[in-house]
Amino acid sequence: MSSKPKIGVYICHCGINIAKTVDVEELTRYAVKLPNVRVARDYSYMCSDPGQLMIREDIRKNGLNRVVVASCSPRMHELTFRKALVEAGLNPYYLEIANIREHCSWVHKDKQEATAKAKKLLQAAVAKVRFLEPLQEKEVDVEASALIIGGGIAGIQASLDIANAGFKVYLVEKTPSIGGRMSQLDKTFPTLDCSACILTPKMVDAASHPNITLLTYSQVESITGYVGNFQVKVRKKARYVDFSKCTGCGLCAEECRLADRVKSEFNMGIGNRSAIYLPFPQAVPAKYTVDPHSCLFLTRGKCGKSPKCVEACPAGAVDFEQKDEIVEFKTGTVIVATGFDVFDAARKPEYGYSDYDNVLTGLEMERLISSSGPTGGKLVLGKGDGEYVPKEIAFIKCVGSRDKSTGNEYCSRVCCMYTAKLAHLVKDKLPEANVRIYYMDVRAFGKGFEEFYDRVRREGVRYIRGNPSEIFKRNGKLVIMVEDTLTAKPLEDEVDMVVLAVGLEPRRDAREVIDLLRLSQSSDRFFLEAHPKLAPVDTATEGVYLAGCAQGPKDIPDTVAQAKGAASSALVLLSSGKVKVQAQISWVNEATCRGCGYCVEICPYTAIELVSVNKMGHEVNVARVNEALCKGCGACAAGCLSGSVQQKSFMDSQILPQIAALGGKS
Amino acid sequence: MKLNKDKLADFLAAIPGKTIFGPQLSGETLKFTPITKTGDLCLTANNTTVPPKSVVFPQTETMLRFEQGATDIRTAEPAGETVLFGIRPCDARAMYIVDNVFFWDVDDPYYLARRTNSTLVGMACLDPCVNCFCTSMGGGPASTEGLDLLLTDLGDSYLLEVLTGKGEMLCQGAGNLLDEASVADKEAAKLLQQKAAGQIRRKIDPSGIPARLPALWESPVWEKVSASCLGCGICTYLCPTCHCFDMQDETEGAESRRYRTWDSCMFPEYTLHASGHNPRPARRERTRNRINHKFSYFVDKFKVIACVGCGRCINLCPVNIDILDILSKVGEEAL
Amino acid sequence: MPDLEKLRALAKETISRDDIKCLIGWRPGTYGYRTSPHFVRSPEDADQLIFSPLCSSNLATYLTLAEKRPVPRGAQPDTRKVAILVKGCDSRAVVQQVAEQGIKREAVYVIGCPCEGIIDLRKLEDKYPHTLERVEARWENGKISLDLPGGRAVFPREEIVAGKCLTCRYPNPVIADVTVGEDVEVRGSAGFEDINWLEVKNAQERWAFWRDKVNSCLRCYSCRNVCPMCYCEECILEKQNPAWIQRSVNISENTAFQLARAFHLAGRCIECGECERVCPVEIPLTHLNRKLVKEVSEQFAFTPGVDPEAKPLLVGYRPNDKEDFIL
Amino acid sequence: MNTHPYKPNIATVQDTWFETYGDRCIKTFKVVFDDEEVRDNWTHLPGQCAMIGVLGTGESMISISCSPTEGKFLRFSVMRAGKVTKALHELEAGDKMTVRGPYGNNFPVDEWKGKNIITIGGGIGQAPLRPIIEYIRAKKAEYGDLTVVYGARTSADLCFKGEFSELAKVENTSCRLSIDVKEEDWPHYVGFVPALLMEINPSFENTIAITCGPPIMINFVLQNLKKLNFPDEQIYTTLENRMKCGIGKCGRCNAGNLYVCKDGPVFSYATLKNVPEAFA
Amino acid sequence: MSEKFEPNVVAFLCNWCSYAGADLAGTSRIEYPPNLHVIRVMCSGRVNPLFIVNALQQGADGVLVSGCHPGDCHYMEGNFLARRRFALMRELLNFVGVDESRFNMSWVSASEGAKWKDVVTGVVNNLREAGAFTEFPRKKIDW
């Protein structure tokens, strides 16, 4: 039943954000004259309670049935105003927003020009709103479980929160153990708690939680479906160790022919491990894994007469017959917590990282200095006879951060503090060592950070403002070429050891996850949140959230906070048990559809299929949309030659008037 | 009277205040457009592709204008005075026939204005084209029905035959350019005209057709003759006697107009009901209507066949649907 | 050049089959050079069939043009096959229709007719106007001979065939259940000389070329109706609600109509040239199509109407499609 | 006064209401011409129609669904079907619409004086019948018995629902309603209109039958009227072909040699039976 | 012409990248010419190439379609589909003599507020050069 469009136009001043550059009164006078407009009002903050009330009252009193709000971006407040419509008993899809802030008042200076543009944008919105149709929001049930990708502190925390709320969690970790980068750290700034001491209990909690299914050494192969109803396929890589039998005794590793001959990833290559290994002592699950890339039996087909590990294992747990396993399950939401990689210091060859053994990265230093590390916490360099204790130690900050030449313009946020922390630890271990830190700026913005920085300086760590240009070896010493930018003096600093405070980068295999979930990347290549301020844990894909360094560099407290945020977002979905599916999806006018199937091919979500119908006695094919699968991109609508498939709220009949309004003179 | 061809430009120039349309190339098409240079005139070729009905009944014609939201409706300004120079007798006759519709009961004000404001200067058809059959339809290469003035090409001059007061007026204005025609000139013209009529090879006797058509309503002939029809608008748009139109509203900015535009009974949409029901669901019914309208319904109403034998629909139908072929099949069909 | 007797015999045999409801071919027209599509429904009808350089119609159009009359309650629709004669270009139309599900492959019985080029009637009429007597034509050793009222005339193929035939690379049907006659040599040029001259002009000159032509379009829709690929139940270009294109006939709507029609054939046009042939005001429509054929082939290495399994061009993409035009 | 045949008159919608609901709902408009002169000079008779429209959208031919005896206003009942009717449906009291007409012929009410009248309607087909019913009701003395037979698919699809109970109270008037399938609390006939007609079994003597409705219903009603021995001349119906101009120029409304806009819309079966296209 | 010609541009922006990018330009107060007016669609894949023709008819002097960078489409492949369609539409327009500057396409991501400004400025400047679209706008038609 079509009733006469009665449009209310609401023009927001946004304080002075809009009103300063757009003549809102003039715009209001203009709006009343537009066809079908019943009322037009302007107000300082349309999104505020009184603003919304104004709209609701008008709908009730003036019988409005269409609303145009001229305000900020629809990406900002579309939902707010839709809700206002609903509260006034109007279908929420009778709303159109004219973006006169982000697209107008904020980007233009001339008031006349901005007002003229605002008029056009408003006119187009009015032209479109007249043709909008009411849409029904359907609900689908939400599968009461969550998938968490990445078992770092972010993933662990999110898992625990969701599991504690009573929902099932699948925690998928790529490596043999959960723990992530945090497990590699020694102490943590600024409080200097031992990283393992605070992390391990959480890892154990996660592993033993009845609601958490831990899928370590696993990778998500595919995720299909939609919010509330994702179908997930996970590949559990073969560990060649029977989980149920392995007691974690480690005899196999001791016996392994490659014992201590394979570089340990966990120790950043500083220490070694066997081909069958536990990544680190506190690893969870505490089960051994055969590394298929180094294991003699797996790479060459034989290992002596028979694999030593098999012989050594008292439980008979080693099983070279094991195959990858595919686990499939349904889940309602997904949290991406895949963390970060550190900057590859070799990309700054001037620092000699690839050339000199005594140039280390911060993460390597964490391992070196850790009491559970390869040296048992002794700060020594060199091997065997060449072993020595460094005396002159320099840190260089911002390696691979705030650096256009590496493509990383951003600040990695943790390097300043972890450098200070490491410097402190050095001082702690080697009080007489001379420690200096080359820096561009020191950023100590967090709680307790500035105090910590102060303390480290008081401990005798020297901060020298300068960005070293080169490091080379001279007389067995490392020489740092640098200009002290405070005194403007060039320096040649001879040291025994250099630690590069490498920055944080997106995981190098981030593409896999992007393809799985169609995530976007921001310009720093970390995963893009739905809104930098207001939806920092959401993504553009409904039901998929971000936690931890996958979204951007951050320290542990921020990581944990965000993980809790992501968990709470997921919990909102899970505990409500229902989710609204897209209303602005496509539908097919079967009367004019010619059954060519173009739309079927076009749809990236396989949401359209051809079905046979009877048209006046003839069996013909027509397209039909699966409403739960359609995501409302509208690609089908643009590809259908006969205009038979249309995207609701973005129909040809709604866009053409918009074009007419914008094309014509206002 | 006689007009030397050299003086043609002067003759046209001597017509004051009227837009003179003549057959000229527009794109690749011959049609009646306002003359700017007499050199562009194409008076020797046969019928224009687009019939001169486009001057008195333009393909798209504004009827009313109004502002959006306002209720003040303005009717389109009346057309100015025109001369259609070099119109073929069949096309003039077609206008004469179509007048029946536009002046039936209520005058169509737009057509009326254009029609009364136009003077039709005919050009006798001395080299008829292969599909001309005007002589079968009551006309001929020099028929005068509808014309105000008839010209016959005598080689280096035109013989002028004044047929109406309007024609008279034209000649008066250009009096000094005209010579007196001799009897020999007139004889020569007669002969040329007769020769032309003799050259017309396509013929049919339509006399029985109007009477036969109603009984052939369900005849298989319609399926047969329409099987290859594409359902396009060529035969009707380019037919000088077809006069169907559609009316639409169009808005540009704040202004709107109501206009009419040629329509065709060969289009499905023409009769399609809003419910989806179509009383003429397929090309069989549409072709049947086209023939019936011209040869039966129109005759019922106005006592004249609405076809002048210009041959356009035969020449231009891309799939050789040939109205004479249809008519002869209608003639043959057992009742 | 197929033997007409064989062709007719084949047609008789075909139409006698239980699973064939109709055979579409060509017959001589009512006058001069014209030929007409011919719907063979009985063996006797087959006697009029011809295949000659005058058989311009692309009969594949009728596969999709066929109106589906309402089937009376209780009755069954006639789902038997339609047999159809196709030249090379016409066969591509069938392939493309099948590829985009306009028709089902099993619903047609394709009789292939290798073709050495079809006469452009406009060229012929310029040479011999006003011909009423029926004229026959045949291919002869790369030439075309005509029995004109004044005697026989022989033309080099290049002089008299349609433009589309000069660039035709598929003179032999690409799909056929049975073929009449021998395969012929491919002579069409693979280049785009026919449009290159226009492409090198500047924008103003190109618009000047099109303006008057497009302006004279009558919107009779013959070009669309004859096109075998235009088989929409309701053409978007005629829709009034919403109206993409107004019904008024003027340069704006006409240009939009032509652009839209051409665009709708991007990656679908099989170059049968029918649109241009039927246009009563002689708009060089194939230029538009050929431009797109060129782009489609150069940018996407795509040729429509050769592979019935191929996905239509514009339903897919390659990640490395050209994008040098994107800012 | 406006004598231009294409220039419509502006009229103001005074009142609107829905007769039926749903996708193809029917909305009734009561309108009055703005120009007093037009209002005073307007005359129409039952059966005639008018081109009503919305400026900027277009016009549609619509039956005038009131009798001139009802007052100086016009009524139209419009089913939402396409572009213009959708735009019309958006009109409310106070809005302007355009009206030109009246067009077409009318029921020969003068010839019918003294005769019994039976109207047989279906769905929106009741719209052209309503004026004749009202007309006869207003001039009851001049006519014989009036029988109104009206049916629709469901009770919700019946137009003018409120009016029949009043009508049934009028002397010499009877009213028979029907719906296709049974519904709770439906006191009237259940079944198809042609069958109801047979049940009523009217005598053809001195009786005019007028039928209007969907083509299929009309076909059966005609058959049944013939069974009841109604002579062709006593059967009337109206046609509703598509038209654009309303004045016999635009061409498309013809059914055979009849122009619905000028020769119709009211036809006697005696005329129509020779025009096969009328029943297409 | 004494007064400088100011083109009127209609732009179709996908919701997720380019519209967000334009929003970011706003949030970052990056100034650019006011001649361009945005129509928001969910995906550049929704933009029917005939919209371009229609916009030119309706009075636009130029058109811009902008979507996510290849591979970043929120709907996976909409921008790839759009790219193909517009590669062809652009050639077609060009072939009939519509100046190349009248149809533009860009990839602007949600984080490229600055690029958005560059795109708009570039398009508008080019159109200032090209002048008003006079080939087949409706408003040139004499009613």
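Order as written gives the chain letters A, B, C, D and E; numbering starts at 1 within each chain.
Rule of thumb we're sticking to: contacts are C-beta pairs under 8 Å (C-beta built on N, C-alpha and C of every residue); 3 or more make two chains touch, one makes a residue touch a chain.
Given the structure is predicted, the values throughout are model-derived calculations rather than measurements.
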Problem set entry | Count of contact steps on the shortest path from chain C to chain E | 1
Seminar exercise, completed: Contacts shared by chain A with chain D include exactly B, C
For this session: Name the chain with the Cα centroid closest to the overall protein Cα centroid.
Result: E
Exercise. Farthest chain from chain A, comparing Cα centres?
Worked result: B
Problem set entry | Distance between the centres, which are taken as Cα means, of chain B and chain A, whole angstrom | 73
Exercise. Cα centroid separation between chain A and chain E, in whole Å?
Worked result: 30
Exercise. Per the centroid of Cα atoms for each chain, what is the distance between chain B and chain E, given in Å?
Worked result: 46
Exercise. CA centre of chain D versus CA centre of chain E: separation in Å?
Worked result: 52
Problem set entry | Residues of chain C touching at least two other chains | 69-70, 214, 236, 240-241, 244, 248, 250, 314-316
Exercise. Counting only residues that touch at least 2 other chains, which ones in chain A make the list?
Worked result: 591, 602, 639, 652, 656, 660, 664-665
For this session: Note the residues in chain E that touch 2 or more other chains, in rising order.
Result: 49, 54, 57, 71, 77, 81, 85, 138-139, 141
Problem set entry | Each pair of chains that touches, named by its two labels | A-B, A-C, A-D, A-E, B-C, B-D, B-E, C-D, C-E
Exercise. Which residues, counting only chain A, touch chain E once they are in their complex?
Worked result: 73-76, 99, 101-104, 106-110, 113-114, 116-117, 120-121, 124, 514, 518, 520-523, 528, 540-541, 584, 602, 604-605, 631-635, 637-639, 647, 650, 652, 655-656, 658-660, 662-665
Exercise. Which residues of chain A touch chain D in their complex?
Worked result: 1-5
Seminar exercise, completed: Residue set of chain D touching chain A in the complex reads 18, 21-22, 25, 80, 86, 89-92, 95
Seminar exercise, completed: As the complex stands, chain B meets chain E at residues 62, 65, 252-253, 255, 257, 259
Exercise. Once bound in the complex, which stretches of chain C touch chain A?
Worked result: 68-73, 75, 77, 100-102, 231-236, 239, 241-244, 264, 311-312, 314-316
